[in-house]
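Shared between the two complexes below is subunit A, which pairs with subunit B and subunit C, respectively.
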Partner chain A sequence: MKKKKYIRWCSFILITVIGICMIYPLVWMFFASFKTNEEINLAVNLLPEHFDWSGFIKGWDSSGQYTFTDFFINTFVIVVPTVLFTVISCTVVAYGFARFSFKGNKLLFGVMLSTLMVPNAVLIIPRYLLFRDFGWLDSYMPFWMPALFACYPFFIYQEVQFLRGIPKELDEAAKIDGCNSFQILTRILIPILKPSMISICIFQTIWTWNDFMNPLIYINSVSKYPLSLALRMGLDVAASTNWNEIMSMACVSILPLVIMFFCLQKYFVEGIASSGLKG
Partner chain B sequence: MKKKYLSLFMSVILAISSVVVFSGCGNADKGNKTDGQNTESSDEQVTLRFMWWGDDVRHQATLDVIEQYEKEHPNVKIEAEYGGYDGYFEKLTTQLSGGTAADIIQYNANTVSDLMAIGDVFVNLEDYADILDTSDFNQEFIKNFSYYDDKMIALPTGINGGIWLANTALFDEAGIDAETIKTWEDFIEAGKTLHEVNEEYYLFNIDIETLGKELLGSIMAQITGEDLINKDTMEMNFTKEELLKAFTLIHDMYENNVIEPAADSAPYALKLNTNPKWINHELAVVYGATSNIFDGYYDFQDTAEALDMPQFEDAKESGILYVPPQMLAISSKCEHPEVAADFLNYFYNDETAINTLKACRSLPATEKGQQICEENGYVDPVLVSAIDKAGETGTIHQNLYTPTEVVEILQDGVEKIAYNQGNVESITDDTMGLLEETLERLQK
Partner chain C sequence: MKRKKLGEAKGYLYIFPWIIGFLMFQLIPLVNSFRYSLTDIKLGGEYQFIGIENYIRMFTEDVDLFNSMWVTIKYIIMVVPAKLIFALIVAMILSMKIKGIRIFRTMYYLPSILGGSVAISALWRVMFMKSGIINNLIGTDINWLGDPKYALFTIGLIDIWQFGSSMVLFFAALKQVPRDLYEAAQIDGAGKVKVFFKVTLPLISPVMLFNIVMQTINALQNYTSAYVVTGGGPLKSTNIMALKIYEDAFVKSDLGYASAESWLLFIFLLCLSGFIFFTSKYWVFYSDGGGK
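Entry: the complex of A and B
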């Protein structure tokens, strides 16, 4: 009994220490947004000498032409449809792969998985040319369209694995009760799939929110910049940067993600754990 | 039954998506299609895109100039596409490959060979000589840097010189006369003396990246009097012995505590001014390009001085950096190059524009620009003196056309020396081997 308690305490302390290490950079970033450049460069203290909120105000105004209000709206306009489309399209595709035996099922599944292996760097130019010919440059189409057509093999794979863990008897029972195959998906499987779908939501939100390379290449107009580009907008190789403004805006820009993560954390762990175990 | 519903569902999805797709296609076709002839006087609406990178000061100044120009030319609309330096080059190459780049493009002078490898991406500015007046530019300077394959593809936004910015207060404390530092030997001796006076002091504030990618080229120019690589034949312009000489020099500087140990200075790579030692006045000399020295880079205005670059006794060239910081070019896909040229003419030659831009892209390369900036104190006088020095003795071979891979290999070599991983000779051997391999591939 005593030994058990001892182990519990040890693991508790260990987890706390690791947790502090992980969160420290974020905490530092938060406090750095109140510091002057000199304090950021020299001082070792975590807490700033004065709590000066001007970094938030000036940072929000950005370079003047557009403010962070615009950039926040842009980011939401990119992220929300992208995530919704991804969840819907990937679920439908995964359902197809997991529950229907059609000619070429295995082959197509293999092809889909093999696209996972293609490094992103190889795809940049051909995809850019394709989107150019579609006339999608400088719009949010390059983000929405791949999401609508389930171009995320990783998520499809995750859901297929999850679906394979759900007993087929459930489908059969539903069929006897008069469900058609689409109703089986919406009434029987989607409620069970919820944790997996929510983890897709979280992943896709974080990835799209933080994505730098794609907006950089596809978006030209400053009026359409998302946060990830806006944060780096005033960063030249060498220039007098007001770091507190950048730090404060970085804090603000991760806030929605952090809130979302904590709200959905319960499902998130469930989604990953169960799809991994049963796969 | 079930198949019917599935296919119905899929076709609905397809229908929705195709509507979105086609509306997307429609939007993209709104660009100006008509050919502009003599747009100056006509009322035809012209839209140009101007892309640059920079900091907030540069963004604001450039936006102001655009606004001024638009006010004078109501038929012209210039869309500004600006951002930070991160990823700028990747974006530019992608856009140039796809033929979708902006009409007026700012690019880094040392990326020109990579950009021109994509194709004939910039117009010949000499074709617009009657609109774009280049007579006020330093002619020698644009002859060196504006031409590629005998075409004038771009104009320099300013002049960028190598600067050896010294805090003479430290020299006085150690009893060193800055004037006597002429050779690399003197430099190393001074470094030793300074470090002996105070353990915390180091003479030279430089990071491995600047050392390997920029200064090494300068050192090699002193030794060989050539560019690192012959850009036409892709052959090395130096022998193993010559590289060994340069590497030995770097090794000696680290060995004798002339440079702060690499492991300590690594966090401040490319941001030398954020090194606590620099802020606390414990490092005496910083090397960099004048365009990278900005307001607030150093705070010892009273004791600041631009030194001469140390030389080898038998140096064939000065090795001093003297290049444009950025270039402005007009894309060959531009539909109204004459309007773009007119804007550039305003950008470079108009007094209001110069007074608005000040030195946000370094000291201007035009006579009038320099005069205005110096008279109004837009530029730090120490930087002006460094640029003047570089202008007099600037090296002919600036290594603007060295392939990126070669630069990386040399940089790796320098890094090994800095961290003392093996003796200099074996590192030189390895580096030479890698260079030969890479160049052989590039020659094909």
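Entry: the complex of A and C
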């Protein structure tokens, strides 16, 4: 019995130590944004000597012509429609796959899953040329359109799994009550699907918010830069001098994600556990 | 009969957005990518069909390509096992019903959300500077980002740091292992280690397979950290495939050649996952007798 307690304590200490290592860089980043450049470079202390806001003020102004206000707005203009389009299109498509038997259902579903295996690197060049022909370069269409047309097989798969767990008798009952197939989706299934839809929204928000490669390729005017490109530009310009500006803007740019994480924690864990485990 | 037809039509109607999206943004680009790989297409102007010349060039002239493949392989070998081992250890400890589990889960999961962002890559650049906090904290004088020996490892740390999502999956799997199995094993006199290898590990092996495949794909696609933190250097020691393809395509404007390289990466990924699935027959255990 004593041995068991001993193991418990060791494990507890172990995960506390690992946990602190995990969270330390983030805490350090937060406090570094209040430090002066010399302090960031040389001091070992976590806390700054005094809280200095100049990094935020100067960093926010960025190059001067465009400030982080613009970059935040751009990011929202990319993220919000992308997330909404994704969740709507994926739900509709998942409903089609899960509830209707048509010729080739299984085959198409398999094809959809297999597209998960295609690396982004293969698609990025032809997509670039395609979007250039469409005249979509330097606009947000390359983000919105694939979302509108349900190009996220992982999310569709997750919702199909969820829908398969909902008894078909519910649909039948609604049909008898006079619902058509679209009303069955909107009135009966969507309320039940809500946790799954929220988790799609969360993950799509994170991915689009953090996305760097796609903006790098499709967006070239600074006025349309999202946060990821703006930060990268700051790194280029500052050239190892103004670290506190970079750290403060890095903090600001991930703050919305952190807030979202704390508000919606429950859905995060459910989302991963359900999408990864079933099937 | 007619109603069935109608039902079929409705099914197609609902999946119609995906069919369009699949054709336009996935299938056609995939076919085009292969077509381009057989041409000398550049960012502007005309191009012509040159057969398998790009592929020949890949294997005969391009020394950097071998380096990039090797760097990518090293990266996967370093990141995937480390990530899964950490994830499994932490998940096992958390499943011991330890106090404050929610706080721990938050601590471990937060990096997974932020890790892919440019913000974290910037943070890494600052922390791992020669005069930076890491050297100051542990009292070393290592040039983490400037020395080819350490650079790849430093970038890999960002990825390993994000073991949270694998951990959540392991945690969920561990919770589903029936308690009586452990008790039965203990009564039969099995020690902790034996219980782990003979009971726990086989029962969570399907999740292990899923995690290995997903993390391998992720590691292959990783791009932001190598681009922002080191830019492929020093001495191309962090020039992973995704980065090389990007540079050949959009910096050197050599789209045709880069397409050929991307197919090499694709085929590598297919072989790798094929290999993982093939071996999984021998180590993945489905409690319902297989066949899902």
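Here is the rule we use: the second predicted complex is superposed on the first by the 241 of 279 C-alpha atoms of A that agree within 3 Å, B and C clash if a C-alpha of one lies under 4 Å from a C-alpha of the other, contacts with A are read in each partner's own complex, and residues count from 1 in each chain.
Just so we're on the same page, contacts are C-beta pairs under 8 Å (C-beta built on N, C-alpha and C of every residue); 3 or more make two chains touch, one makes a residue touch a chain.
This structure is a prediction, so every number in the text was calculated from the model and none was measured.
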{"item": "Clash or fit (per the criteria above) of subunit B with subunit C on subunit A", "value": "clash"}
{"item": "Which superposed partner A:Ser228 touches (first subunit B, second subunit C, both, neither)", "value": "second"}
{"item": "Which of subunit B and subunit C A:Met213 touches, first, second, both or neither", "value": "both"}
{"item": "Touching partner for A:Phe68 - first (subunit B), second (subunit C), both, neither", "value": "neither"}
{"item": "Which of subunit B and subunit C A:Phe56 touches, first, second, both or neither", "value": "neither"}
{"item": "First (subunit B), second (subunit C), both or neither touched by A:Ser101", "value": "second"}
{"item": "Subunit B versus subunit C as contact partner of A:Ser139, first or second or both or neither", "value": "first"}
{"item": "First (subunit B), second (subunit C), both or neither touched by A:Phe155", "value": "neither"}
{"item": "Per-residue touch tally on subunit A - higher for subunit B or for subunit C", "value": "C"}
{"item": "Contacts of A:Cys251 with subunit B and subunit C, given as first, second, both or neither", "value": "second"}
{"item": "First (subunit B), second (subunit C), both or neither touched by A:Gly19", "value": "second"}
{"item": "Superposed model, subunit B segment overlapping subunit C, candidates 135-143, 189-197 or 207-215", "value": "207-215"}
{"item": "Doubly contacted subunit A residues - partners subunit C and subunit B", "value": "41-42, 89, 92, 124-125, 128-129, 145, 148-149, 181, 212-213, 216-217, 229, 232, 234-235, 240"}
{"item": "Subunit A to subunit C touching residues, read off their complex", "value": "8, 11-12, 14-15, 18-19, 22-23, 25-26, 28-29, 32, 40-44, 89, 92-93, 95-97, 99-103, 105, 108, 111-112, 115-130, 145-146, 148-151, 156, 181, 206-207, 209-210, 212-213, 216-217, 227-229, 231-232, 234-235, 240, 243, 246-247, 249-251, 253-254, 257-258, 261-262, 265, 268-269, 272-273, 276-277, 279"}
{"item": "Complex interface listing, subunit A residues touching subunit B", "value": "37-38, 41-42, 63-65, 89, 92, 124-125, 128-129, 132, 134-137, 139, 141, 144-145, 148-149, 180-182, 212-213, 216-217, 220-222, 225, 229, 232-241"}
{"item": "Complex contacts: residues of subunit C adjacent to subunit A", "value": "7-22, 24-26, 28-30, 32-33, 36, 41, 86, 90, 93-94, 96, 98-99, 102, 104-111, 113-114, 116-120, 122-123, 125-127, 129, 131-133, 136-137, 161, 165, 168-169, 171-173, 207, 210, 214, 217, 220-221, 223-224, 227-228, 241-242, 245-246, 249-250, 255, 258-259, 262-263, 265-266, 269-270, 273, 292"}
{"item": "Residue numbers on subunit B that touch subunit A, as the complex places them", "value": "1-3, 5-6, 9-10, 13, 17, 20-21, 24-29, 49, 51, 53-60, 63, 79-87, 90-91, 94-95, 97-100, 102, 270-271, 273-274, 276, 279-280, 288, 291-297"}
